[in-house]
Amino acid sequence: MAVKLIDLQHITKKYGENVILDDFSLYIRENEFVTLLGPSGCGKTTTLRIIGGFETPDTGTVMFENRDITNLPPNKRELNTVFQKYALFPHMTIADNIAFGLRIKNKTDQYIKDKIRYALKLVNLEGYEDRMPDSLSGGQQQRIAIARAIVNEPKVLLLDEPLGALDLKLRQDMQYELIRLKNELGITFIYVTHDQEEALTMSDTIVVMNQGYIQQIGTPTDIYNEPQNAFVADFIGDSNIISARMVRDKLVEILGANFDCVDTGFGENKPVDVVIRPEDIDLVAPEEGTIEGVVTDVIFKGVHYEMCVMARNFEWIVHSTDCFPVDTRVGIHVDPYDIQIMHKPESEDEKAVEINE
Amino acid sequence: MSKKTKWLAMPYTIWGIGFIIIPLIIVLFYGFTDVSGHFTIEGIASIFTHVNLKALIVSMLLSFASTLVCLIMAYPLAYILAEVGRGKSSLLSLIFILPMWMNSLLRTIAWQNLLEKTGLINAFLSFCHLPTMMIINTPWAIVLGMVYDFLPFMILPIYNVLCKIDKDTINAARDLGANGWQTFWRVTWPLSLPGVISGITMVFVPSLTTFVISDILGGGKILLIGNIIEQLFTQDNDWNAGAGLSVVMMIFIIISIIITDKYDREDAGK
Amino acid sequence: MNRQHAGLKKFYSIFILLFLYAPILTLMALSFNASKSRSHWGGFTFDWYISLFEDERIMQAFTNTILIAIASALIATVFGTFACVGMHVMKRRTRTAIMGMTNIPMLNADIVTGISLMLLFIACRINMGGATVLLAHITFNIPYVILSVMPKFRQINYSTYEAALDLGATPTYAFTRIIFPDILPGVFSGFLMAFTMSLDDFIITHFTKGAGFDTLSTKIYSEVKKGVSPEIYALSTIMFTVVLLLLVIVQAKPQMNRSKK
């Protein structure tokens, strides 16, 4: 078990009446790529700003390497931030931007020069030393913002939706770039985004947040394949979320039909939520399926077809490489291990989160 | 929009040529001729007479002083206002502009009252057993009048420019290890320079050329270059000398704009 | 950190406020001073407010001031706004030239602007009076309008204009319905700025007014040596109070609308 590098303990933050974070706890290990993922207003940016030192929590403590840094100003923290809109200093050249932190620390000119060259090489922008920020494209400014942060050799790099303003292609390139950087530097990245694809691609650990609460923490595969509640399932990728009844271990009744599954320990005759990913549904001949339905809509998506199937008054979303034309009668079959069972919300808080969502 | 639209600028262009460009050419003409219309640089050269040169130097010193005081007074205020007023209603900044709605001559006259030997300020000072001050009819009173009259012209541009600075740029500096002062001197101050520069020109030029403030608060003892030009036109009827001195003044204004502009650009280019 | 400095900041703001408002409060006090001398307090009186309305010369100067301010601001707003529309579609070089010309009265000393206009009127053998003051005020007001309208043009989102054309609007219709509402705040603040500048101007009026025509500023200046008549204090107090009340109403209104929601 690696060391806890950052430990947020019982953080609460309010803006007036608005509770952003409520008794929020989270720890981050060394050399981890952690993504805080959630819709806007879920408290992910506030969490990042509290770690960065731009906000002070109302209650709770922020620990960094077992030291309390809750009230430490940003300039005394051993971490650096890449801001959403880059926040490059518009009156300084690229070299001066990158050198900013080093000059504050009174590093020698030679050291600074070497560092600038190293950082520009790292972000593939060699030779840009004397340019001004506004002469660079969005993607280039983004790289400079990263270079400016990492020359200070922070133990943690905070990234606040850094790819949000870039176009799709550039965003995908930058994702690989960030993974490469993370591996080369060997430091902790804490990344904030609302884009689930970004989170799944880059992270070691994803923290799904909603309305100031953590919904689930896990690896990308965990989060995708075994969402713990309807919110997570819905937020990460397309999914069919259906109210169901756990008959007994390894058997669940969905829309009146019994499906074999692999989950145990939910008790007998307990109401649950079931998640089935669209790509996990097999469309078969009507008589071979567990449930029978009719295709109502087909869209070609490139890699696959997205189909809507009306079965037992529920609209199933199905992804398949085979096309079934509209009005085809089909059977729905799901393999037991593709059925993910989730508790129905129990606590009031959890419920509130789901209702509001 | 169609190409014809550009003719809408025609009336103003003609107006500007008639009422801005041509009048300046007339000033230049008078400045470089004598009474009979022959070319001479006597008008311009009259700046070197003892009285005029002294007035020019006094004007320069006083307007330097008032610009500096304005900057020192206005910057912190603009900073505070920008901090509080960011995104909020403009009510706060209005409070600081409102005084401009009372006639500026009257407000300057009111300073006579406040500064007089038996004026309010001295009454207050002696009430507090503090030494009274005698600054009415001195250069200090004129500087005070200039600062008072032109302070809003320094506050506004600085305030505007400070409001536009992206909060995250400041945060970035803090994040990179700069403390409050370092952040101010390396980021906030250089980014606010355009506002400071336009504030400086907006205070320096009217201070350099005023004749009203020196009339009212200088008690007629202190002649500024503005007073001399005004007298040449309204009392002495020596238009050529007056226009000559006006040309000299314009040269000073142009120089001051070029200097401040150059400063601005150098800092931005670094 | 902020909390430590909060007191200091408040103190500083109040200090500057006091500095800015002290003369205004003094003038207001003087308008109620029974003694005609400015230097001592002779008791409280409303007399000056009554005699103000009987003083024809002051009332005339007041009317002149207001008329010139309204007329010059209106005309400058029309000229300035049209100029902005035109300049916006111009080639860059022409636009820069016109903007350069616009900057001259802004940067130049008022005294030089005043003198240059005076010399122009004399050269054209125009008798100086109200009309020349109006021409002069329009001239120095147009730049204020242009400088407050021009930035609005830069912010305009042209796709809305193109959308209007796409939906079948004529260019003129699209302009008046789509573009104009967007620049209206700039036009309005330009007008207000021009009005204020005209109201407060002394120097340029001083050189272009000729004999026998007075605005409040020139009237006050002519009385500086012998002492300003207290009626003028009364008039200024009224004017200032009216502006203050108007501002309070304008500021209060959007807040009332907001609280209704």
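For clarity, chains are labelled A, B and C in written order, and residue numbers in each chain start from 1.
Here, a contact is a pair of C-beta atoms (placed from the backbone, for glycine too) under 8 Å apart; a residue touches a chain by one contact, two chains touch by 3 or more.
The structure displayed is predicted, hence computed values, not measured ones.
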What is the graph distance from chain B to chain C, where chains are linked when they touch? 1
Measuring between mean CA coordinates, which chain is farthest from chain B? A
Geometric centre distance via CA averages, chain C-chain B, whole Å: 17
Averaging C-alpha coordinates per chain, one finds the centres of chain A and chain B separated by a number of Å equal to 55
Two or more partner chains touched - positions in chain A: 73
Of all the residues in chain C, which ones touch at least 2 other chains? 1
Complex contacts: residues of chain A adjacent to chain B: 52-54, 73-76, 80-81, 83-85, 87-93, 96, 100-101, 104-105, 148-149, 152
Please name which positions on chain C make contact with chain B in the complex. 1, 9, 12-13, 16-17, 19-24, 26-27, 30, 38-40, 79-80, 82-90, 98, 101-102, 104-105, 107-113, 115-120, 123, 135-136, 138-139, 142, 146, 161, 171, 175, 196, 199-200, 202-203, 207, 216-217, 220-221, 224, 228, 232-233, 236, 239-240, 243-244, 247, 251, 254-255
Touching residues on chain B, where the partner in the complex is chain C: 1-3, 5-13, 15-17, 19-24, 26-27, 30, 73, 76-77, 80-81, 89, 91, 94-96, 98-114, 116, 118-120, 148, 151-152, 180, 201, 205-206, 208-212, 215-216, 226, 229-230, 233, 239, 242-243, 246, 249-250, 253, 257
Please name which positions on chain B make contact with chain A in the complex. 166, 168-169, 171-179, 182-183, 186-187, 190-191, 267-268, 270
